[in-house]
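Report on the structure given below.
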């Protein structure tokens, strides 16, 4: 099994019903970071109420919830932030297409985070992406993001490889502008990180395409074929992440909403540039991957040609020779008639026969040289 | 025969003429469900008038007609609800492209329901989809839906596998919001169910693609080729369902009509997300299916290569050896001349010949090792 | 020759010059049908003036001209109905792309009618379509249509298989609504008939694709290859009919012109649905036809594989055996030395050699079983 | 060399600098035609001033300049008609994409004229098109056209095969409407002629595609492969002419400029129809040409199959027979043991061996019949 | 390694942070050119302040900075010209998609300059393009351009092959219009040069495609396969340059900004024509390159056919002959029975056998002639 590339919706379930995902972390973790330009505070809380109490309009509170199976907690968040049940359903039913929605009070963003694991790498069990079965590689994670006045709320499935760690580090150290700006800028930085998470993945794919191409030209093996097939499938998967990210970013950019400042809009234009470049590269890679199959076919065809040439040359040279040897292996009785194989009794019969064979062999070789097969 | 993928319209028949479909259930079945937030009533009626009498503006009456061959009944419905003859023609002439139309008093929706039967599965005879002939699999059913003030009217071809059963169950139990809302929400739920009916179908196709790919890499057989061809045809068919569903849902969402409330419009946005995702997955599957043909070709090419290599190696090794054996099988008369095959009388003639053969054989094997064919 | 798929325009001829087509019926035939809700009259006239005299605003007069070579007649029609010379040129120069134009007084529509003849079927010589040369099949006819206040004027090339016969029958019998409505409805019915004329054609192509596919999987022959090529060419041709028909119908639907009533516009929406479905099916067929070439290649590849396997197995088994037989056919003189072929004089020499051969043969068979070639 | 398919612009040259083309006629030729509805005058002049002097607002003066290398003359024209230096640069730097531009006083149109020469045909040296190197066929010429109040100015590269000759003939004889209308109609007629110049070219390509297809099915040769490649390249070239012509015509049609009358706009709609049809046909041809490569591959594959079958059948029948002959050619000594080849001394030994061989041969033939290879 | 085709963005780095590129020139070079219609001054300065001091509104000052690693200098420029940190980041992080941005005071343009080096050509180490690893060929350089009132600021990575040298020469000599116009015209000239830099590159690709095609038809080698693959990759790369250049130019043309005069807008239309033509040619080349792979496959297929034919003919002729020779090499004892190989003792046994062989050989040759294999 190479993992599911669609989430199955059971037709007929009521919309807005919260069915928590199967794979769950042991316990939900809640991280809270509060900051303004001057102060900074970071804590882990057990109960969501403590986190909610920390929210103030004048500073930014970032609540990061890891683990999506606590229905109670989600319901509390829904009530506190006025989140529509359909949005909560989207948060929980992982496998959503990236998108954004907004109410008057908050903006809701769903994005995908791709991890490319090394072939042998093991981690906590995550939701496997399409290549997970073969080489344990491409993994996808859904990250949900709500931001409103004074707060940013993020919801992740798993705690490993937190993509936001560099951002948290910047908040801690006060570097960059994140401490001086509002929740929209923080949200932009998160969106930017999630968009950019495709860069290292694609770079690895670029190297992989080059490696496969080199190996193909060297020696086409069935394993490479299967790897090309995986590659194509995974690039389709990546495209299914990159395109909606672009739509999302351009949608946010154009959204007339007072939660997004003009300055943040400018930064989103930069994310948009990245999205376009990522799609561009994905398309280029897809065309290159298609070229690999052609390359495989032509290389195989080439090798077949070479094999056929060896067979043809060997057979064409020796078959006539063997025939001549066969002639003089016949047992016609020379005593019955002087017409019966008189050559056998010629003094130079054997050398003549060998010479004839040599001439035929040389002639064939010359013919093949002429055909440029040798 | 793999079933018809188009409905034939006899050119020249007058529009609006009702020609009931051939395959019919034994008798038309009429189910009526009436409900409001507080009360609930379910009945089967024999005559459509009983059903029509139950309609009241203040509650929702859902009339479900199973079987489309009773022209009289359809004409009655047409008169009662002011349905245009062209719309009734569309209801009866199954094989319509999914679409919606509206008058001032009702909205008319035609959708498709796909069933994917197991290879051996038999049911009542339905209209076969494109894969029906081979493995008895993909079946398509047309569902028509009218909704107006106080009523929803659905018309289905066959009674089996009623897709609306979970919905009916929710109405009975009062779970979800369906009891509290109007006919537009009920209609939305039905549309959502019909859209989502593609999810389990596509999931099965995903598994099928993976299975074919695994089998292909293991051993390409003509049966797989024929299965890939079926797969492609069926995905084209699914695409022809998914695309119009998206157009339909987005059309309803944008329709300025007082029969659709703002809240329902919001829910339709959710259905739209599903449609987009389904189209996305269908396209991905289509690209994967195209890749399967390439994979078949390259795998076959590979196997041919392997076969050719065995042939070439066998022939190339033994043909020269056989030639040498042939040489010393010649009957040149050693007594005629000392030039005639003196080797035959050498003390070490035979061992030398065998050694020569062994050297040639080893030489060829080394050559093939060098070429990496062994 | 498979027929021309373009009309050649001689560059430099003046626009509006009438060059009548070569293939002509013996004499131009003029059919006139006049009707209103209560009365009905049908006649054949010799002179166009009689037909023109019959036109009254209060009823519908349908003048059907069969044969386009009477320049005089066309000029008379042009003067009477105020037809622009460029439009008349389009009527006469068959091979136009379907389109519509309008003046204040009439609407002008050019459409195509496709006939799919049986392979052996002969009729009057028509303008051959692209498949005409091979199997005498696809034929195309241009039908021009003008309608204005009180009249519909149709111009056809040939009298056979009149597509409007069912319509004429309905006018005669007064069934349907055609008698109660105006010329725009009559024109719509004609357009609908011409659009729908593709249905039976496409249905036959659907059957043909399935037949070719079945035959391909059974046995790929060069004849099938040539048939697939024909199929592709003919589907390109059909597409070149279906697309402009859609543009035409949607154009008429949106045309703000008082010659088209709101009700007729509603019916045109129905024709539009048909057009979209026809294009849909044509595209599906084109993709299936492309798949057929792939199927051909892979099936051929498959058969080649099978042939190669038989060859390889035969050769690989017998070549070593023949070599061993060759060894013991050598004439080394056992009397010269005890090293020279002592096996020949062993008591069990022959049985041992046979046993060795049998072992090699069994070994090869097992090897091929292992490779799953047997 | 198959000709350049791009004009090289040396990066860094100043815009508007006139670099006359290399290939030049011996001397520039200036043809002047002046006409109104009643009078007509035609002359060849040596100095451009004479031509310019003939221009009057009340009639149409058509100045046709053949040869583009007289920088002086072009500068004079530029001053007289107020032509922007960039436009003059476009006139001289042949290889422009067809387009139109306008100032308040004139409209400037650049178009391409394609000639399809017979394989052996020689003419004056023109700028070769992409197929020129192989079979001397497709040639392209740039025609520039300025028209303003009272005049049309055309600039051509070479005097042969003047496309406007039929038009000039019509002006002379006063047939058609050209004498009664203004410069815009004359310009339209020229544009129409240049658009239509693709018709005879495409018709020849249609015949060529059919011929190649027939030859392919008969016998695929490497020459055909090279011809298909040429065909594809040339169709790409034709497309690169047809598309901009369409954009140009539709642009002129929509241009709000008092130099183009409403009537001429109507005629341009006719040219637009031609453009659309030409693009349509070009696309169809391109798809057919792509199909030809597939056809080549499959036909080759077919022939390989046939060849392999002959080889396999020959080898499979004779290899076992030869083996049996080899067996009884062995020299085991029957005197050493009664187990050593007793068959050789059986009375029916030889007939039995022959019968065995015959049975094997018949068996193989039957097997191949069963496989339908015979 | 064939070079990176994407710039990796480390997800999580703060936007606007300046990370200078690795490959750097030894020291940053600053060239200043000041001119107006009458005067001209050119100098190299060490400190950027000297350059900045030279700017006056009444004339044009062109500051050209070569080398991007001096963060201090860039910061100074940012402050002086009010450049947004994100723009400076784009200047430094080479590998940007070409684009333009504007503030009220300046317009910012990023473009790409492609160099196509000869296979053996070495220069200073630049950022390698996608083909750099194989044949040292395609190289890409990023050029940034700011222009505002009285100044144009350009930033390049490397000093070699300065594309602006011809422009500088024109400024020096006062030829063309550049001395008489403002900074927008100077910027247009630079954009035009960078757009046109693709012309010589594409022309070389055109020649390369023709060369590969000729070589392919002559003899398909694996090296050509690898070269076709390179070609495709490099054309993808060129397309990724040409498309954004077009968007950039059309964007500038439509930009309502008082820094761009109407006249310059007119010149940009000319650059736009070039962009469209370049994209056109790139697409044509891409289709031709795709055709090359097909050509390779078919040519290889062809050659395989030829090889198979030789093998089949040789084998089919000699295998039956060898069999006959084998027959008469059998040792059946004629003395045991008169049925045992009586032919051996016939007077004409040997000539008859030879004649039989000759007849079979001639028969096979005739058969192959009939099949047109000879």
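Read from first to last, the chains carry the letters A, B, C, D and E; within each, the first residue is number 1.
Here, a residue touches a chain if its C-beta (ideal position, glycine included) is under 8 Å from a C-beta of that chain, and two chains touch if they have at least 3 such contacts.
This structure is a prediction, so every number in the text was calculated from the model and none was measured.
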Legend entry - Rounded Å distance, chain B centre to chain D centre (Cα mean): 42
Inset, instruction - Please work out the Cα centroid separation of chain C and chain D, and write it as a whole number of Å. - result: 26
Legend entry - Contacts with 2+ other chains: residues of chain D: 297, 301, 304, 308, 311, 315, 319, 322, 326, 329-331, 341
Inset, instruction - For this assembly, give the contact graph shape among line, ring, star, complete and other. - result: ring
Legend entry - Chains listed in ring sequence, where chain B comes first and chain C follows it: B, C, D, E, A
Legend entry - chain D contact footprint on chain C (complex, rising order): 1-2, 4-17, 84, 86, 96-97, 99, 219-220, 222, 225-226, 229, 232-233, 236-237, 240, 293, 296-297, 300-301, 303-304, 306-308, 310-311, 314-315, 318-319, 321-322, 325-326, 328-331, 341, 343-351, 353-354
Inset, instruction - Within their complex, state which residues of chain E touch chain D. - result: 163-167, 170, 175-178, 189, 192-194, 196-197, 199-200, 202-203, 206, 210, 213, 217, 266-267, 270, 273-274, 276-277, 280-281, 284, 287-288, 291, 294-295, 297-299, 301-302, 304-305, 308-309, 311-312, 315-316, 319-320, 322-323, 326-327, 329-333, 336-337, 339-341, 372-373
